[in-house]
Amino acid sequence: MSESVYKIIEMVGASPTSWEDATQNAIKSAGLSIRDLRIAEVEKLDMKIEDGKVALFRARVKLSFKVLSD
Amino acid sequence: MSESVYKIIEMVGASPTSWEDATQNAIKSAGLSIRDLRIAEVEKLDMKIEDGKVALFRARVKLSFKVLSD
Amino acid sequence: MSESVYKIIEMVGASPTSWEDATQNAIKSAGLSIRDLRIAEVEKLDMKIEDGKVALFRARVKLSFKVLSD
Amino acid sequence: MSESVYKIIEMVGASPTSWEDATQNAIKSAGLSIRDLRIAEVEKLDMKIEDGKVALFRARVKLSFKVLSD
Amino acid sequence: MSESVYKIIEMVGASPTSWEDATQNAIKSAGLSIRDLRIAEVEKLDMKIEDGKVALFRARVKLSFKVLSD
Amino acid sequence: MSESVYKIIEMVGASPTSWEDATQNAIKSAGLSIRDLRIAEVEKLDMKIEDGKVALFRARVKLSFKVLSD
Amino acid sequence: MSESVYKIIEMVGASPTSWEDATQNAIKSAGLSIRDLRIAEVEKLDMKIEDGKVALFRARVKLSFKVLSD
Amino acid sequence: MSESVYKIIEMVGASPTSWEDATQNAIKSAGLSIRDLRIAEVEKLDMKIEDGKVALFRARVKLSFKVLSD
Amino acid sequence: MSESVYKIIEMVGASPTSWEDATQNAIKSAGLSIRDLRIAEVEKLDMKIEDGKVALFRARVKLSFKVLSD
Amino acid sequence: MSESVYKIIEMVGASPTSWEDATQNAIKSAGLSIRDLRIAEVEKLDMKIEDGKVALFRARVKLSFKVLSD
Amino acid sequence: MSESVYKIIEMVGASPTSWEDATQNAIKSAGLSIRDLRIAEVEKLDMKIEDGKVALFRARVKLSFKVLSD
Amino acid sequence: MSESVYKIIEMVGASPTSWEDATQNAIKSAGLSIRDLRIAEVEKLDMKIEDGKVALFRARVKLSFKVLSD
């Protein structure tokens, strides 16, 4: 088993549809510059409301990715 | 930028379908008497089980709304 | 199963006797204006001390009650 | 009102689709051996990512079920 | 001093009288099958309310018991 | 010593100057409709940033006030 | 209003009877050397079990007392 | 990727040497009856002191293991 | 409403004057390389003491900023 | 680098002006009997309200100081 | 079973070698003035880094000791 | 005293030997690109288990380093 080192970054994704979709948007954005994304942990879920209705589902996530193997 | 004051109330919504729908039910109910709802933060998610199956998805949320502008 | 919405309020009750009695005082007070109280969750227990003795047991509770059925 | 005693167990369910489905898989698995499941409380939500995409939604839940009535 | 291993289980006990009694009911129920119970830690206290009065005091506890000595 | 019951509400105040001023704005707003405010506990402090500068200091507080004496 | 400074110490009291009594034993012990005890906040409640029965109710409390007025 | 369900149990291991050894004793004990142990998360570390010296390092861990694959 | 993705970074600012000033120093430093800073959430406040006096007020903050719009 | 041991005590300071001033009052009081105070960590901020206005800003802090060097 | 009262103090120990050694240094220091130390609970672990290497392992612990038996 | 600003990043290190070694691997990896690392705070400790034995000790740490002096 490798003794990899991982780094963890925190992001907030949003979607008008669902929290699953909101986290996937955060992952997609992180994936533009980071390879080897491994786990996304949900830190917080909330919703932006406009005119009495949900405008955006938002998910704050911690994303981990490998930075070093040996 | 306004120096508004916000009030925060706590509610529990339920739905047989999803947690997204459960929170929307809480927002809909709050919206009957409160205008200017702004954010719904998820405090807790759980499920009521009946006969070994999910009967209700429930979401406890904190709802914030404006009470004073200047 | 109903898809009721619940509201949650936070109160502090006190009693010279016990925390059970302190929470019951909070429930009694809330019950004067709210029907359908359902659950009281203990958030914090403390005691007021006077002359080296417990003067009051105090209980901070979250009380939930039904606000909408469908 | 009965003075039942409940036991609480902790499980992790997974699904390629949603967290709702992930928790239902945990309940289904627990339900095979435990009757009278009552509540599933969400402890943690995360996602397993593969090739930059969500491979699995995972939900860690606490399941309560009746062990004694009188 | 022994290097025992302990296991921890989580239960909810209830009583119409007090939280002390509620936890004792959980211990009594657990004690039917588990010997060597050692500590019960309170995780959460709440109350079920009916007709504006406390129907049940409930205590969620973590119970530890010895599983291995050497 | 009285066995008063207190109610707790949650508010967010804002100020361009300081967190002390932000909480005082929340207290001032609450005081328009509530007498006997007693304690304001800080739940969260944050800042809204505009053009790289702090536009508003915001404080989320829990305010307690007496609802019943005997 | 005085601008007193308070000190906070942490103690564990025990009683075979109740958590109320356990905390009162901690307060009694602290009162032997400290005057002006003011508040006891409950940090943790547990029970020591012997032969399947509660031997001791224990309460961990934070006790505050005045150390300086001006 | 499999949609396995995991169960999580909580144990306390002890060792006169180190917390690493304490957790390994908990894992060893759990492994006598459970296969497919996967992760041990540390919940709490403490030490039992005797005659002013550490008698035992203790680690409370949550152990997860697979209960169902499909 | 845009479905922006935000990134969150954690910084510690310091000031001999106040926590408001300490957080503003962190924001100023972050602003040298990051545009569109939006919110700074306080994670922790402390003080460095020298010769019995406060030498520095320090604030640990989480700063969020936009990384992707669509 | 020294292998010093530090002790941590908990105090509450108050001030009619600000939380910065409240913590400095706690530090000043602790400094009467303790040398080598090093760090004050904020545990809780609240305010005492009288006649609808802030009478006192209060800060609960943990103060650390050196007890042994080698 | 005795109804002893325990007091809890908080200390930080350090060691260039390990966290086990760091906590033992805190216990050794406390033992100079306190008898009947019983349990040391780990509150926080950190490391001081110098020139890119660990200079000190540090452990913040809560130490409990008996203050009164009856 | 300088009014430096610090940045905090989160990493996970691993080692087959100990948590001390696991954190040192995270520090070593971070040190390849970051100078002036100062403190590593432990956020979480866990273990990866293979064939009933510990394969890796893992430590999630927050690392702080100076980004600006004045």
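Order of writing sets the chain letters: A, B, C, D, E, F, G, H, I, J, K and L. Residues in each chain are counted from 1.
The working rule: contacts are C-beta pairs under 8 Å (C-beta built on N, C-alpha and C of every residue); 3 or more make two chains touch, one makes a residue touch a chain.
Everything quoted here is computed from the prediction, not taken from an experiment.
J.: Of all chains present, which has the mean Cα position farthest from that of subunit A?
T.: G
J.: Please tell me whether the contact surfaces of subunit F and subunit J are same or different in residue numbering, using the over-half criterion.
T.: Both copies touch with mostly different residues.
J.: For the two copies subunit E and subunit K, what rotation in degrees overlays their C-alpha atoms? Round to the nearest 5.
T.: To map subunit E onto subunit K, rotate by about 180 degrees.
J.: Using each chain's Cα centroid, which is most distant from the centroid of subunit H?
T.: Between subunit H and the rest, the longest centre separation is with F.
J.: Take the average of all CA coordinates in subunit K, do the same for subunit L, and state the distance between these two points in whole angstrom.
T.: 22
J.: Any idea how many Å lie between the Cα centroids of subunit D and subunit H?
T.: Their C-alpha centroids are separated by 22 Å.
J.: How big is the gap, in whole Å, between where the Cα atoms of subunit B centre and where those of subunit H centre?
T.: That pair's centroid distance is 38 Å.
J.: Show the residues in subunit L shared as contacts by 2 or more other chains, in ascending order.
T.: 9-10, 18-19, 48
J.: For each chain, which other chains does it touch, given as pairs?
T.: The list of touching pairs comes to A-B, A-D, A-I, A-L, B-C, B-D, B-F, C-E, C-F, C-G, D-E, D-H, E-G, E-H, F-I, F-J, G-J, G-K, H-K, H-L, I-J, I-L, J-K, K-L.
J.: Taking the complex as given, what residues does subunit B use to touch subunit A?
T.: The contact residues of subunit B facing subunit A are 18-20, 23-24, 27-28, 31, 35, 37-42, 61, 63.
J.: Give every residue of subunit C touching subunit F within the complex, in rising order.
T.: 9-16, 25-26, 29, 32, 48, 50, 55-56, 60
J.: Report the residues of subunit G in contact with subunit E in the complex, numbered from low to high.
T.: That would be residues 18-19, 44-49, 52-54, 57 of subunit G.
J.: Can you list the residues on subunit F that touch subunit C in the complex?
T.: 1, 3-10, 62, 64, 67-68
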